[in-house]
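In what comes next, subunit A is part of two complexes: it sits with subunit B in the first one and with subunit C in the second one.
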Partner chain A sequence: MLKNKTSLKAKNRKDLIYYCLMMALPVLQFCVFWIGVNINAILLAFQKYDFYTNTYTWDIIGCMKEAFETIGSIEGFKWKNSIIIYLVGLVVSTPLTLFFSYYIAKQKIGTSCFKVFLYLPNVISGVVFSTIWIFFAERAIPTYLDKLLNIKIDGLIENVDTRFMAILLFGMFTGFGGGVLMYSNAMSAISPDIIEAANLDGATGIKEFWYITLPLIYPTLSIMIATGVGGIFLSDIGLYLYFGGGAPAEMQTFSYMIMVDTLAAEHPGDYAKLASIGLITTFVVAPMVFGAKYLFKKFGPSTVD
Partner chain B sequence: MKMKTKKTNVKIKEMIFYSVIFIILVVYVVALCSLLVWAVMTSFKEQFDFRINIIGLPKKWVWNYTFVYNNFFVEIATESGTRPVYMVEQFYNTILYAVGCAFINTFVTCTVAYLCALFPYKFSKFIYSLVLVVMIIPIYGTTAPTILMAKRMQIYDTIWGQWIMKAHFLGLPYLIFYNTFKGMSQELSEAAKIDGASNLTIYLKILFPLAGSTFLTFFIMSLIGFWNDYSVPLYFMPSKPTVALALLDFSNTTELGLNTIPMRMTGAVLVLIPILIVFLIFNKRLMGNATIGGIKE
Partner chain C sequence: MKKILKGISLVLAATSVVSLASCFGGGGASNSGGGTQSINKDMTQLYIHNYGGGFGSDWLKAAAKRFEDLHKDDVLEEGKKGIQIVIDSNKKTFAQLKTTMLDDRSEIYFQESASYTQLINEGLVLDISDAVTDNLSAYGDSRSIYDKMNPEQRAYYAIDKNGETHYYAIPHYTGFFGIQYNIDLFNQYGYYFAQTPVGTTLEGKFISKANPKKSVGLDKVEGTSDDGLPTTYDEFFSLCDFIAGSGNVPVSWAGETYLVYLQLMETALWADAEGLEQTMLTFKLDGQANTLSTIQNGQLVKDAQPTQITADNGYELARQAGRYYALKFMDKLMKTDKYHNELCYNGGYTFTSVQEDFLFGGVDGVTKPVAMMLEGSWWQSEASYTFEQMGQVYGNDYLAKNRNFGIMPFPKPTAEMAAQNTGNTMLAAVDSIAYIKSNIADFKKDLAIEFLRFVNTDESLREFTTITNTKKMLDYSMGDDINNLTPYGRNLLTLTAASDIVFPMTQTPVYINNSSELGSIAWFSTKYDSVGKRDCIPVLKETTVSVDTIFTGLYTYKESIWNSIKR
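Right after this comes the complex of A and B.
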């Protein structure tokens, strides 16, 4: 009995040592590159770089004031562009994604082929697509329209009136894949008994989609939409891919501006300023995301009677 | 009679609904194919041919790929000035970066998930909750502090530095690996323990192979993501350009002979081909296996 207890203790100790050794490096990596980076970001946000002494000095109020001034001085059209990108994604892209997902979940005609082509843009690099799209939109589309329909237009990217929408809609066009896969899998997981019962009651097609499918995939959908609220600040149509650091001013967004500033940062003072802006962004977006999640949970459909 | 008419009306509405979506999807597929086919066709044209024949088949098929592969370069800054990085080196950087990061990230995630699933210590539960919390909390603007930290740690502008930075276990794959290991029968590993196998042997020779399919799926998904990524090399590895980052430069190049649209399409197709081959081989696995709340196909 005593021998068994002793060997069990030894075995448990061996397991614990093994567990600790295997966990050590990943946990250390997490501590450095998640906890360390985020703490560093918060500390940096409240410090200014002194170029004379080459050190950081604490200036909480000064840093926050400067960050707010920077955000406040961002031209209105940059916010407008960010909101347009977010709204197009929410109002146009999301419903289309849901309809495509429903079609694929129902295994209708051409499902296998459509699935491959909807997912293909996820596999192809954004750089490849932007490289092709710039010249396709500039040269090929005007030529197609001229030859097929005798309509003469300028290239879509050079034309100031069309370039923002051309790039935005192309981004939407290539962005269906991941969402379609996720939603169609969630729809496929709905119990066939529920679908059958609904069909017997006359709910097919659109009615089944609206009254049965959407409510049952609501948790997945609400999480995606709620976390996407942060997209107002992060939304970017890949402007850097098309224009590098020199995108036309009227097309720029908040996210693009931060990206260009980060790439141009050379001095430690630049990083501190960006950290301040990042901190403010987090404090604005995080409540928005949690608030959206709460509202979706409170006012969404319940599957429990 | 009324019931029959009602049923027929419902069926017609349903048919119209699915037909409209079918037509939109067909238009989508045709548009996407036109884009890619045009790019490939253009890559086989001479500049003069392209100028007079933008959308047609090449009048004379020209092999531009060797020229682009051998001549396209990106200039990087070094201590002694600048140095050209040709496509061979770009592909080399990309393979090291993509394969290394994908393997390390997937392996670390798999291992931590295995430890949490099969060793029911309190710390395992803590790690599980931590992963969920990190997924939910939106944190923005950490790129600049991360660059600063990478510079301080002397891992900035290195590929192995990226391997270290990607050796984390955060994200959805952790949850899927966790469920995979939790759902495994422990008979084999118990039998191996009785035979005197160590925990490490059991993990590497029994449990890890059983999770091999899931591992391969996430490895391929990560590989594609890292291959196509241009932003991390742009921020963290400016002097180790990958093909994606180099293509960004190629789009704006003014080098004579390379600054034509056919050459740029050639460059784009060159970058596209390897990952397209991976996708064609593994597309069923990629689209069917790793799911969120869906059933496996």
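Right after this comes the complex of A and C.
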């Protein structure tokens, strides 16, 4: 008995050592590249940098004031674009993603084909995929229309009237893969017994989806939507891939503006200002996300804890 | 099963450790350019990073070979004899290089758009004062690198520390953006203004078999390379009308990068219209501004009195007349469809496509001839593969050395300005410098400094120009070597030699602390409605807002942000 206890302890110790060794690198990476970077950014948010003398000075009030002024001076259309992109994602992309996920989970005709097309943007580099789309939208489509139907049009991105929609739709398409993966997995985890019981009760197709599948994947759905609220500040539909730092003013979003300013930053002083803005937006987004999560929990299906 | 899983996870962990190790130190993944060069363990290596942009690295390989021959008997390390130069050529930006420079194996850097001030402030560069100030007599050169710099460069690169002057980098190459034109096509179709126009028709303005004498051009001297070329903006657009009427494409530019290219074009036009002294005010923020203007009753009206510019009122420079003229030119060029290629705003029309159309036009029987191309002077190096292809397919007559291209001197905004014969002003569109990293091994310091001196001897400078067909940002004469350049290279050198060159370099603290808002392109941000800051090029392209409004908006925007400019 004592020998068994001792060998069990030794085995547990070995397992523990193995576990610690395996986790050491990811934990270290998390500490350095997430905790360390964010702490550094928070500290930078309260400092000013003089490039000429290479000195940092603390100026909490000054930095926050400048950041608020900068946020206040951001043009309204950038917020409008950010909200539009978020709402399109929420109102159009999410239902479509749920539909594709349900279709894939049900193993309907063409499921494999769907999977390939939906996951492809997540497999191929975003830069490559966007470049393919640019050439397709700008050269291929106008050429096909001209040669086949004798219709002359400008490139879809070149044309001011079609540009935003062309980029938005492509952005939606490339965004399906991650959501489909999450939702289809959650749907696949639903016990077949429940599905069978529901089918026996006459709940098939849309009814099954609405009354059985959706409530049972509600935790996944609510987390995805709640955390997606921060997307208002993060959405830019890949504008940089199309236009570099020179996206047309009317198409720009808050996130794009921050990205371009970060890339254009020539010295630490520019980063300090951006860090201040980032900190302020964090204080705005965090309550929104927690609030959304609370609302989802409060008003969600009662059968789901 | 558990053991198998443990084994797999151990293998994965080991793989990640190996890949991590390769990220650090010499010979790592960040030095991929040197991967094709095998290291000779019997020699001492000198590692050099070269920005692999339009000018390539052939010039560096040629210089490296001569340097290696010169030092083939040097012993710097025990058991090793001779020097091997290992070149890492890639397109890493300065921002990418800076973070790993002290850990990378590269010791000498030839880099574009590097921040001289940042390199010094962060202790990344070696003091190379001796390399700059000592003469190069060991190489038969009576001058030093300092002697080859112009006054602006000497002021810029000289850093005062405790009453002593130090240098930490050396000017490398520059490039100019402008109107590249196909001289062969111009000759074939007679796209030159006649000295004596015939009649009042458009065709009558240009040379013909009956009227072959070209106008004297901007320099007013007959028999020079600018004969027959447009001297004013109006003449330029008449030329475009003429070219379009003959069925060819007047001007082309890359749709993929139209924003950047047209921004470079508008700043180049502005600098030429303003001249060297007035253009430099933008970077120095100190001096007398003579061309400030406002729009009154739809007319550009120059201020009655000059304005003294300081860091406090620098925003007034947004009212320079040259900006108005540049906007007028761009407005007409961009909005008149017959003046440019139909793909000039198409994201799928790359700069290589433009160069190919420019070179193949009228040759391959399919592509429409293109008379002019908005590009940088680096275009011929970038198109070297296309030239080689054409040579193989169409014969040696189509190689770069046998085709005639040139860079057109900018016409002047008005006939009055053209008559003043103020000469050309060219704005340096790219800047690059050479430097040595601060933590180079002690025993290699002298060697690295010697290499920098070596590549800046007159012989090396001429070799650089012969290979790249562009000039380094130093003073030197090509002598007979000019005959080894392509016709485009000769044309470019002739024009730059006859022009004032604007190097946007200054140690003015205000400029350095706010370079993102005070750079040449940043001065063309406008604000005329509630939308806020806009760049002029998209406004010209996509709106019907008048140039007058845009020009006034330049001042409005600059004035609105001037308080936040750090002084």
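Keep in mind that, in the parts below, the second predicted complex is superposed on the first by the 255 of 305 C-alpha atoms of A that agree within 3 Å, B and C clash if a C-alpha of one lies under 4 Å from a C-alpha of the other, contacts with A are read in each partner's own complex, and residues count from 1 in each chain.
We take it that a residue touches a chain if its C-beta (ideal position, glycine included) is under 8 Å from a C-beta of that chain, and two chains touch if they have at least 3 such contacts.
Bear in mind that the values here come from a model prediction, so they are computed numbers and not experimental data.
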Clash or fit: what happens to subunit B and subunit C when subunit A is overlaid? clash
Just checking: does A:S222 make contact with subunit B only, subunit C only, both, or neither of them? Give me first, second, both or neither. neither
With both complexes overlaid on chain A, does A:Q47 touch subunit B (first), subunit C (second), both or neither? neither
Examine A:G110 and indicate which partner it touches, taking first as subunit B and second as subunit C; both and neither are also allowed. first
Could you look at A:T213 and tell me whether it touches subunit B, subunit C, both or neither (first, second, both, neither)? neither
A:D154 contacts which: subunit B (first), subunit C (second), both, neither? second
Of the two partner chains, subunit B (first) and subunit C (second), which one does A:R139 touch, if any: first, second, both, or neither? both
Looking at the overlay, does A:V285 come into contact with subunit B only (first), subunit C only (second), both, or neither? first
Check the residue A:A264 against both partner chains and state whether it touches subunit B (first), subunit C (second), both, or neither. second
Would you sort A:S73 into first (subunit B), second (subunit C), both or neither based on which partner it touches? second
Count the residues of subunit A touched by subunit B and by subunit C, then name the partner with the higher count. B
With subunit B in view, single out which of the stretches 347-355, 419-427, 455-463 or 473-481 of subunit C clashes with it after superposition. 347-355
Jot down the residues of subunit A that show up as touching in both complexes, subunit B in one and subunit C in the other. 18, 22, 25, 134-135, 139, 244, 265, 270
Per the touch rule, the subunit A residues reaching subunit B in their complex are 14-16, 18-19, 22-23, 25-26, 29-30, 32-34, 36-38, 40-41, 44, 96, 99-100, 102-103, 106, 108-110, 113-128, 130-136, 139-140, 143-144, 147, 173, 176, 181-182, 184-189, 202, 204-206, 217, 219-220, 227, 230, 233-234, 240-241, 244, 258, 262-263, 265, 268, 270-271, 274-275, 277-279, 281-282, 285-286, 289
Quick check: in the complex, which residue numbers of subunit C touch subunit A? 6, 9, 13, 16-17, 115, 117-118, 121-122, 255, 257, 259-260, 345-349, 509, 512-513, 515-516, 530-535, 537-538, 542, 564, 566
Subunit B residues within the subunit A interface of the complex: 10-11, 13-14, 17-18, 21-22, 24-26, 28-29, 31-33, 35-36, 38-39, 42, 54-55, 108, 111-112, 115, 119, 121, 123, 127, 134, 137-149, 164-165, 167-170, 198-200, 224, 227-230, 234-235, 244-245, 247-248, 250-252, 261, 264-265, 267-268, 271-272, 275-276, 278-279, 283, 286-287, 291-295
Residues of subunit A touching subunit C in the complex: 18, 21-22, 25, 50-52, 54, 66, 73, 75-77, 134-135, 137-139, 154-155, 157-158, 160, 242-244, 246, 248-250, 264-267, 269-270
